[in-house]
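Presented sequentially are two complexes of chain A, the first with chain B as partner and the second with chain C.
Our next item is the complex of A and B:
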């Protein structure tokens, strides 16, 4: 009962503080503090409700339990992080996006590739990752290489489509201008079309950043050495060690947010000139 | 009125910079062929300021784009500096100013003016020197490090003129550069453009659909009419080269404007 009162109190307090803050003029500090208080309130209510109703740890462990497990298993979590995020997701992300970027330039240059390759790419993108992953695990083995391959398949198409679209985004007038300077293909590409394509390219990179993590984790369900976030999640569920599963999910959420945030930050620096990024 | 025409002191007669003979250009569209230009012949001498005026669809922009090798005539011949437009384009013989400023938003004003210089391989020191000089010329000194979206439309268009001037082409092709600007800014830019022309001695071809603008700026006014696009009148301006803005109230000015208006009306009449 005490815990339920605690949950209710946390809800009321969080609401009251945020309502007061929201009424103040918006500053950097309130912009950061308001969502933080919201998150903390949510965790407090979660803790109170789980303990108050005595919910089984298998169904939903309390945040404190997850935190304790997190602190106790940092070695395992780190090992899984390196295996899944660094080796699987990041390798696949960099090579998949890089390959898609180069192919996009070829597709843009040669029209027969646009007509031939884009439909095939569309087809590959429509294949469900659940179906592709076991096959790629067969081809590339249990270790991170097959996970990177799954990520490549997943990120390639969104990146390709966005880059191709971006390269076509310069206006006829801007291309005419380059023509009056007698600028060749490569000069036009470097000075006009790639800069103009940057908002689209970063859009692709952001979409790919979330797909990469999903792909790397899910692919591990279909075979993995005895480490990796996906492997840990699927085996810990079997052992009813749901607190460890949740700890892995916390890691995945933090990594995913950080990954997306870093890409968005670089985007803001590169495409500062775009109307969506201007703050002047 | 023809006898009132005086030879402008800074034009060099006989030295034809742009020369078109019986130029035809037909676009094939789904609704059948469109005659954008039909039997267009014109000579532009060195140092002239020639305006092209006419209603939309009369081929004035198309003609300018033919000079710039951005369109290809389907008949007749045209030379720029005595060579084909393509060779002229490859030798960077002209600067082109479009209807919109078209500055690259990721480059500063200085960076935009520097763009043709980078492409044409000028040294870093020369790039900086030229950027400073042409920005001075269009009265944008001090705005070098601003971005285009931080400037007004008139300032952006001036920057785009600076960009066309940066690499010392002898010919300036301008396609309704001030069409999107308001009257006051336009007057000011017209005045500046005349000063700039007097200082640089360039040959200028200028497309417009404003009669006062055409008469105020030009040594020669080419009146065109649509369907098919053709030249209906070529008027040599009797106005002196030194033109304060209030010259637009003088009888001589009004007379030329009247003749241009007559020409435009005649072009519409035989439709």
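Our next item is the complex of A and C:
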């Protein structure tokens, strides 16, 4: 009963504080503090409800339990992180996005290819590509190479479509200006069209960053060596060690957010000129 | 459209051509292996014929996949456990329920975010952060836990679909509900319109183009969620189960046919939304 009161109190307090803060003029501090308080409130409610209703740890462990487990098994978590994120997701992300970028430049050069590949690419980008995972695991074996391959397939088309779209973004007037400067194809590409395409390219990179992590983890459900985040999640669920599963999820959430955040940060530095990046 | 037909057809043809060639190379090792064991000498012709007709090839040729799809959709009864239509229906129903729930949740959240400043500031960052969490990785746990509580069948899968599909709807609808400009909002004010009236007469109609664009993304995401949601249930039914069973027993043709079926399903669903979008926007005078 006490814990339920605690949960309710946390909710009331958190909402009240946030309502007060939101009424203030929006600044960088309130923009950061308000969601933070909201998140902490949710965790407090979770803790209170789990303890208050005495929910079994097999169903839903309390946040404090997950934190304890996280601290106790950093070695396992680190091993899985290296296997899944560094070897699987990151390798696939870099090679997939790189390949898509190069193909996009090639496609852009030939109008016939652009008109043919773009609809197909748009179509494939909407397909459940993750289904390729069992096939790729069969081709490339159980280790990280097959996970990287899944990631490559998953990120390729969103990246391709975005880059091709971006390369077409410079206006006829701008291209004419480059022509009056007697700029050749490569100069125009490097000085005008690639910079103009950057917002689109980063949009693709951001979409790909979340896809990469998903691809690497889900591919492990179809077979993996005895380490990796997807492997740990599926086996720990079988052993009903839900606190370890949640610890892996915390790692995945942190990695996913950090990955996205880093790409967004680089975007802000590269495309500082774009209207969407301007702040008052 | 017609301007693009020739290039698209060329690309599709090229894909098929590459597929056949890749099938020769990937399956050649097995064919050679078999030939040396039986003491045959393979000519190019017999090699090609063999690589395109193996029972468990590394990469089945397109016509093999086509034949398998024909066999499991048209020639099997729909009630049969081997019918691909039955499995597609299992996946489709979870997808649609998840999609409906996700769309409802997404619109509700978007309305809250647009009308309530506290919600805008506290929920919106978490909606975005929620998508950087690889939810698909948590799918098996959600399924197992919900099973333990006694909820099984369609609902757990639909929950995963819901989680994946609500995000594009929230983002699109927030943008859409905020798309009327200051002039239009002022006009409503001069008519002394209440907040509800402004919502139904101005904000909601304005958000329609945004809604449909995000619905397409949400539908595709919802299908992925349903397929992945089927993986941990022990491969009982559904396209995801066909994928998993196929990978356990090395039935590559079965995997590919399930994959093609999933692709066709996704394409059909997205096309359906596109059709509704055109009809609606036409009647609203927006297209």
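In this text, the second predicted complex is superposed on the first by the 263 of 280 C-alpha atoms of A that agree within 3 Å, B and C clash if a C-alpha of one lies under 4 Å from a C-alpha of the other, contacts with A are read in each partner's own complex, and residues count from 1 in each chain.
We adopt the following convention: a residue touches a chain if its C-beta (ideal position, glycine included) is under 8 Å from a C-beta of that chain, and two chains touch if they have at least 3 such contacts.
Just so it is clear, the model here is predicted, and its values are computed rather than measured.
Chemist: With the two complexes overlaid on their shared chain, look at chain A and say whether chain B and chain C clash or fit.
Modeler: fit
Chemist: Could you figure out whether chain B or chain C reaches more residues of chain A?
Modeler: C
Chemist: Mind working out whether A:185 is in touch with chain B, chain C, both or neither, as first, second, both or neither?
Modeler: neither
Chemist: Which partner chains sit in contact with A:139 here, chain B, chain C, both or neither? Use first/second/both/neither.
Modeler: Touch partner of A:139: chain C, not chain B.
Chemist: Using the superposition on chain A described above, determine whether A:53 touches chain B (first), chain C (second), both, or neither.
Modeler: Touch partners of A:53: none, neither chain B nor chain C.
Chemist: Looking at the overlay, what does A:38 touch: chain B (first), chain C (second), both, or neither?
Modeler: A:38 sits against chain C, while chain B stays out of touch.
Chemist: Quick check on the superposed pair: does A:30 touch chain B, chain C, both, or neither? Answer first, second, both or neither.
Modeler: Only chain C is touched by A:30; chain B is not.
Chemist: Applying the touch criterion given at the start, work out whether A:173 contacts chain B, chain C, both or neither, answering first, second, both or neither.
Modeler: A:173 contacts chain B only, not chain C.
Chemist: Figure out whether A:222 sits in contact with chain B (first) or chain C (second), or with both, or with neither.
Modeler: After superposition on chain A, A:222 lies in contact with chain C alone.
Chemist: If you stack the two complexes on chain A, which partner ends up touching A:78: first (chain B), second (chain C), both, or neither?
Modeler: neither
Chemist: Rounded to a whole Å, what is the shortest Cα gap between chain B and chain C in the overlaid structures?
Modeler: Minimum C-alpha separation, chain B to chain C: 15 Å.
Chemist: With the touch criterion stated at the top, can you tell me which chain A residues are shared between the chain B interface and the chain C interface?
Modeler: Touching chain B and chain C on chain A: no residues.
Chemist: Would you tell me which residues of chain B are touching chain A in their complex?
Modeler: Residue list for chain B touching chain A: 68-70, 89-92, 94-96, 98-100, 102, 104-106, 115-116, 118-120, 147, 149-150.
Chemist: Spell out the part of chain A that touches chain C in their complex, as residue ranges.
Modeler: 15, 18-19, 21-23, 26, 30-31, 34-35, 37-39, 58-60, 112-117, 119-120, 123, 126-128, 130-135, 137-139, 209-210, 213-214, 217-218, 221-223, 229-230, 233-234, 237, 242, 245, 248-249, 252-253, 256-257, 259-260
Chemist: With touch defined as at the start, can you tell me which chain A residues reach chain B in the complex?
Modeler: 171, 173-174, 176-183, 187, 191-192, 195-196, 198, 271-275, 278, 280
Chemist: List the residues on chain C that touch chain A in their complex, please.
Modeler: Residues 3-4, 6-12, 15, 26, 58, 117-118, 120-126, 129, 131-138, 140-141, 144-145, 148-149, 216-217, 220, 223-224, 227-228, 231-232, 239-240, 243-244, 246-247, 250, 252, 255-256, 258-259, 262-263, 266-267, 270 of chain C touch chain A in their complex.
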